[in-house]
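Got a structure for you, written out below as structure tokens; questions coming shortly.
Letters A, B, C and D name the chains as they come in the text, with residue numbers starting at 1 for each one.
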Amino acid sequence: MASTEIELRGHIIDSLILPRVWGAIEDAGARFKVREMRVGQSEEEPSYARIEVIADTDEQLRELLGELQRLGAALAEEHDARTEPVTQDGVLPDDFYSTTNLPTQVRVDGRWLDVADIEMDVAIVVDRARGRAFARPMHEVRVGDEVVVGFDGVRVEPLERARHEREVFAFMQSPVSSERAKALAIGDVAEAIREARAHGGKVLFVLGPAVVHTAARRHVADLIRRGFIQVIFGGNAIVAHDVEAAMFGTSLGIDLATGLPVEHGHRNHLRGINAVRRAGSLEAAHKQGLLGDGIVAAALEHGVELVLAGSIRDDGPMPGVITDSVRAQGRMREAVRGVEVAVMAASMLHAIATGNLLPARVRTVVVDINPAVVTKVADRGTAQAVGLVTDVELFLGALADELRQEG
Amino acid sequence: MASTEIELRGHIIDSLILPRVWGAIEDAGARFKVREMRVGQSEEEPSYARIEVIADTDEQLRELLGELQRLGAALAEEHDARTEPVTQDGVLPDDFYSTTNLPTQVRVDGRWLDVADIEMDVAIVVDRARGRAFARPMHEVRVGDEVVVGFDGVRVEPLERARHEREVFAFMQSPVSSERAKALAIGDVAEAIREARAHGGKVLFVLGPAVVHTAARRHVADLIRRGFIQVIFGGNAIVAHDVEAAMFGTSLGIDLATGLPVEHGHRNHLRGINAVRRAGSLEAAHKQGLLGDGIVAAALEHGVELVLAGSIRDDGPMPGVITDSVRAQGRMREAVRGVEVAVMAASMLHAIATGNLLPARVRTVVVDINPAVVTKVADRGTAQAVGLVTDVELFLGALADELRQEG
Amino acid sequence: MASTEIELRGHIIDSLILPRVWGAIEDAGARFKVREMRVGQSEEEPSYARIEVIADTDEQLRELLGELQRLGAALAEEHDARTEPVTQDGVLPDDFYSTTNLPTQVRVDGRWLDVADIEMDVAIVVDRARGRAFARPMHEVRVGDEVVVGFDGVRVEPLERARHEREVFAFMQSPVSSERAKALAIGDVAEAIREARAHGGKVLFVLGPAVVHTAARRHVADLIRRGFIQVIFGGNAIVAHDVEAAMFGTSLGIDLATGLPVEHGHRNHLRGINAVRRAGSLEAAHKQGLLGDGIVAAALEHGVELVLAGSIRDDGPMPGVITDSVRAQGRMREAVRGVEVAVMAASMLHAIATGNLLPARVRTVVVDINPAVVTKVADRGTAQAVGLVTDVELFLGALADELRQEG
Amino acid sequence: MASTEIELRGHIIDSLILPRVWGAIEDAGARFKVREMRVGQSEEEPSYARIEVIADTDEQLRELLGELQRLGAALAEEHDARTEPVTQDGVLPDDFYSTTNLPTQVRVDGRWLDVADIEMDVAIVVDRARGRAFARPMHEVRVGDEVVVGFDGVRVEPLERARHEREVFAFMQSPVSSERAKALAIGDVAEAIREARAHGGKVLFVLGPAVVHTAARRHVADLIRRGFIQVIFGGNAIVAHDVEAAMFGTSLGIDLATGLPVEHGHRNHLRGINAVRRAGSLEAAHKQGLLGDGIVAAALEHGVELVLAGSIRDDGPMPGVITDSVRAQGRMREAVRGVEVAVMAASMLHAIATGNLLPARVRTVVVDINPAVVTKVADRGTAQAVGLVTDVELFLGALADELRQEG
């Protein structure tokens, strides 16, 4: 028999924290006693609960506490976080603490430190000398790094959506419905982008190749030129299609102006890639005028950070594409800092990868015509992502229009 | 051993008629000899082929000829169509000829008669006295009707798409792709509607409830008011949602202006239905102002023919909804006469039902965000339907815009 | 300013009742004060809350109370239900109470009466003389019926899923996931069917045409013969395909034994329908041997109740198909009494229609390869339905196997 | 005005070669005259056509000839292929010939050479000294390589599906239908695998993570052990899930034996990866018993070639995963040699990448529950791929059963 007390504070009932904590205890086959409970007498007033959690074994209790902590529970009795040193590069101690994407603190030498650059499913490294703590992916830890193990001395701050917040993104409650008014949703996304830009927050667009297959290419270029996009994540294909469109006016051999296939158009794709390879870089290709006025040209001209991650289905690849997935992930990790709004359009692979890296506080919209994509992004842990099942071309056109008005 | 000669005329190679005929013969385990073949020396010049078809048995030959005929083959030696009288109301002779949706003629007393009101999978009734022939569904035949049996004396005219035709609808070659430029497709649909209206052809919209769930409702009302819609097929739900929107500004309890659920909004749906039932008819409800300026109001004001077919999932039902499916089908059958363009939006059940009734010459666009719907409509024989996998709300908005320009 | 007190009892925190109540109050722009709260000290012990709800107007308060009541709140001060008489056949009083599909009681003359035959979105008729109350759809009320209006004196019992219950259907938490182990899910569905049959509960299968297009037909016939199905809902198509399969071994012209199209096979469908029409009824057709050993034959032989609802896309229709949707709905309504498990396979229209009619206590599984179908069924209020995105043919085969073991 | 003569030989009508050639000429705005035509008098006898193609300009004619050649046309007058040397590593001459995945020959010094290792969208390098020609991707060409440019002296052999071939895979004519009998399809796939194995042909399985999420893991391990799989392509996830299943009995925290989430199970995924990283390699992890009896263990024990390509969404990554996409593609390219049957299960990214590399003669089945995946694989040029929209877990179970019988 093992037991300890946990505390919950805040809007623990209407944010569903308390019910989830009880459910987790029950699912683990453990028991609980409510030791103290103060319920906020109105919706403004926070609540408080102190609960004794009782498990059969120490091991079971420890595991359960880890789970409860992710839900926002704090140990009533506070300890420092335990740490262990890394003994092999790129390998964590067995009992490493694995993060959520929620704001997280660790207690080091009696003080609570914010964990910098939080993202999901990574470790926490403590720099005791400087009094700092960082989220760090497994492959980046080095011998001697001090890594948090177990669950003591870690606390996680669950998202309590403010009433305002709820309204802004309220249209998207049902993440995969396609039967809601899109006009409203698009207005709210535009508003979130404007808000972020008003105080210099960065906006990230994750773009799949369908964006260039369709007429959406010019909408994206337009959004870049008007300062609404600071970071773009994409793959080889989006650049290849963009260049093909600039050089030949086609996309995978379909004439973008008529929608009709052109003779031998399938070769245009490879020709475009070959031409940029000859130039040696996207920048050089742009100077030679190969990129026209497309997405890449706009990005280069307006200092948009372009992280292009290669994949095994690529032709070429294009210069500028990072073919090593670990290195690409690293670049994406750096680029998401400061991002406040993320719009993921028609790109399953990149959307999931980006979702893994984003802190929970980033407002994220996944736009795809295929509900399965939205479901997958959510399934893999990006709970803060809201989905919009709609046509990406028409969505981007309407978003550009919306941001043109009263912009 | 049984054999006969068939003839093929026209663009039999580039319209794929000849290859299909040979494939069908091969699939049936029969053989053929090309007796005569003149190939058009250029793409303007028609071709001609006379082919001997050889099967093991008379029965096999007969079955095969039926198949070939559907592909456009004519018997080299012409006979009158054979007929048998109906002996039981609503029941056809065993060997009845079942139609395609292609232009069809039957030879009666040595003369080729056009079969009126052609549609798929029905019988042909001959009125020898008046020298006329009609397509007629099984349940409508009456004792004494003379019904075509076997395959003799029937000829079918395959669609040879003209080059112009191909261009207009060319964007839609891949029926379920969602990665093509929608802006182009929408332009072509608008053009088809304008062409039909220019000479008084009717335009049919088949509407599913998602049209009213979303902001698309006003786009449809707008298209009606500007004369672009003559016939609407729908169900109980579309009227119920339209009335709910008019009376309460909600759709299934979602506020159409904010996208947020309203308290007790789910009841609005039933209240709307109840109010119209109290009024007694859609017309009476409109006079009492219950219908606002929605789709039904616009339809009533502009003489649009509204065929509402009930289904087992309906609440109410609404006055004006035809609850008997056979009677509803009959009304739809009458209403499709004169239709030249059909736009099916977000409605699987009604789209399939309508597809069954339309002659092949009607230009048909199936718009749905779910590719499965488009595939199903095509699978069930509506080969002339082209599909657009896109967001119905955004599609209808863009179509209304397009038809506003240079209209 | 208007206020009243409500009470909540039971597992109001872990069943999420309390958070939902607070959320609803907040969404309505009203306020609340917690007057009394006793939290169960462990997971076995129920909780209690008495809450004052404060709204700006009487009207707002009334609307909100209706909403809260649906969530399981009871007015602290109990009144009798108010009723109004029906003054026009098929039309309800304006302020009629519209039901949920949860167990419901109304207070009549100081006594709480169970509402019989509860289903969603209908009215409650009180028979004061006999001390009874019934759920009744709008179109069935007659002049003089006493209908409950407003929210007083109605109480709804939210489903508190027992721990056991949760485990049985636990695999299906994510209603549209297709990446979970199906073998486990199928085992649980088999178990639910066995439990229901063990005490004579009825099992309903709602079948779409894909069941017969595929090899699943024999699995369903097999389940009927082994007593696992008591009620079948379907449409014209399922019977037509079943007869086609029996008479010709094809389904829409595809040979079921080889998967290859047969010559002129598309006509088989119509021939089958015509043959049964000639026989005059399914029973007569069965006597003539037209139905082979398919689903319909098995159903007729084993006294399975077969409710066939027509739709506008039907050919024929088949004898036995109810073409009037209101009458068909009525027959379905009667047939669902006593049903404890419902398996809906590959049938969107019939699944939604059936979902509307089922009380919340019926364990319902929606099986479809298209996630959109599952989502739609859930969206329309059948919250108790759990979805299984899988191949219906393979699912039914595996279910039949599972029920054969240790059966 | 420019013109030349082309020749077509074989089953040019029923294989649709002639109609496609005429369509392409017409689409290009060019004209043709049929100079000679001999139609096979029966289905066994090949046909012959000599056609003059007339275009406005030399450039237009050249482009068009390239297109026609891909369809199987040969220039009536034969020339040697033209070549140009590579002048910059990884960059092709502007006018390089880009391949199809069909059997291809080039004429070098008057002799027709087979192009080795043909795949789609790559260049042809000629080794004149050794009298050989190779398909080679853009990034692999080196300064001095002699690359085929233009269209002269290249000939492509279109797939003429033999009647037998058609039957074997005939069930899959409609690539995205989910309403056909799966039992038949699975039997045909099993047969294709048996045929390949009978003469030592290799079978490739491309596996997505859903295979391990579900109970399908043991079916794949079983197929490996019985010698039905020689090559596996996958990603980091499939190994990570496989190891998690072996070490903890869970997959992404879901207990594979009960389908229920386990406490803190989400961490198991990372723990498994960490443990293998500590071991240093998959082989070492296997020796330490970390891999249990899963897919990777079976693959290591039976000498299956395992190509694991990393992507930006990976955790870890696992030892053995190739993180550089160009290098991974290279390894896949080598591993597909000798493959005769490819089964792609639940893996869009890897399926598309593999489809790009496979010669057209490989029998390919794409199995996914999401029709969009199948459509995408086909859209990107893998025309020989046939799709099966079904549940991967149930498919693999049924396939393993089928191959157990009479194996």
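FYI, contacts are C-beta pairs under 8 Å (C-beta built on N, C-alpha and C of every residue); 3 or more make two chains touch, one makes a residue touch a chain.
Everything numeric in this text was worked out from a predicted model, so none of it was measured.
A centroid comparison over C-alpha atoms places A as the chain most distant from subunit B. Listed candidates were A-B, B-D or A-D; the one reproducing the B-C interface, defined as more than half of contact pairs identical by residue number, is A-D. Distance from the subunit A centre to the subunit D centre is 33 Å, each centre being the mean of its Cα atoms. Per-chain CA centroids place subunit A at a distance of 38 Å from subunit C.
Subunit C and subunit D, compared by their mean Cα positions, are separated by 45 Å.
Shown for subunit C are the residues that touch two or more other chains, namely 179, 370, 372.
The touching residues of subunit B, when paired with subunit C in their complex, are 24, 27-28, 63-64, 66-67, 88, 90-92, 94, 96, 98, 121, 137-139, 260-261, 263-264, 266-267, 269-271, 273-275, 277-278, 309-317, 323-329, 332, 348-350, 352-353, 356, 370, 372, 381.
Across the complex, subunit D is touched by residues 13-16, 18-19, 22-23, 25-26, 31-34, 37, 39-43, 163, 174, 176-177, 179, 371-372, 375, 379 of subunit B.
Residues 167, 170-171, 178-185, 209-210, 213-215, 254, 256, 258-260, 369-370, 389-391, 393-395, 397-398 of subunit D touch subunit C in their complex.
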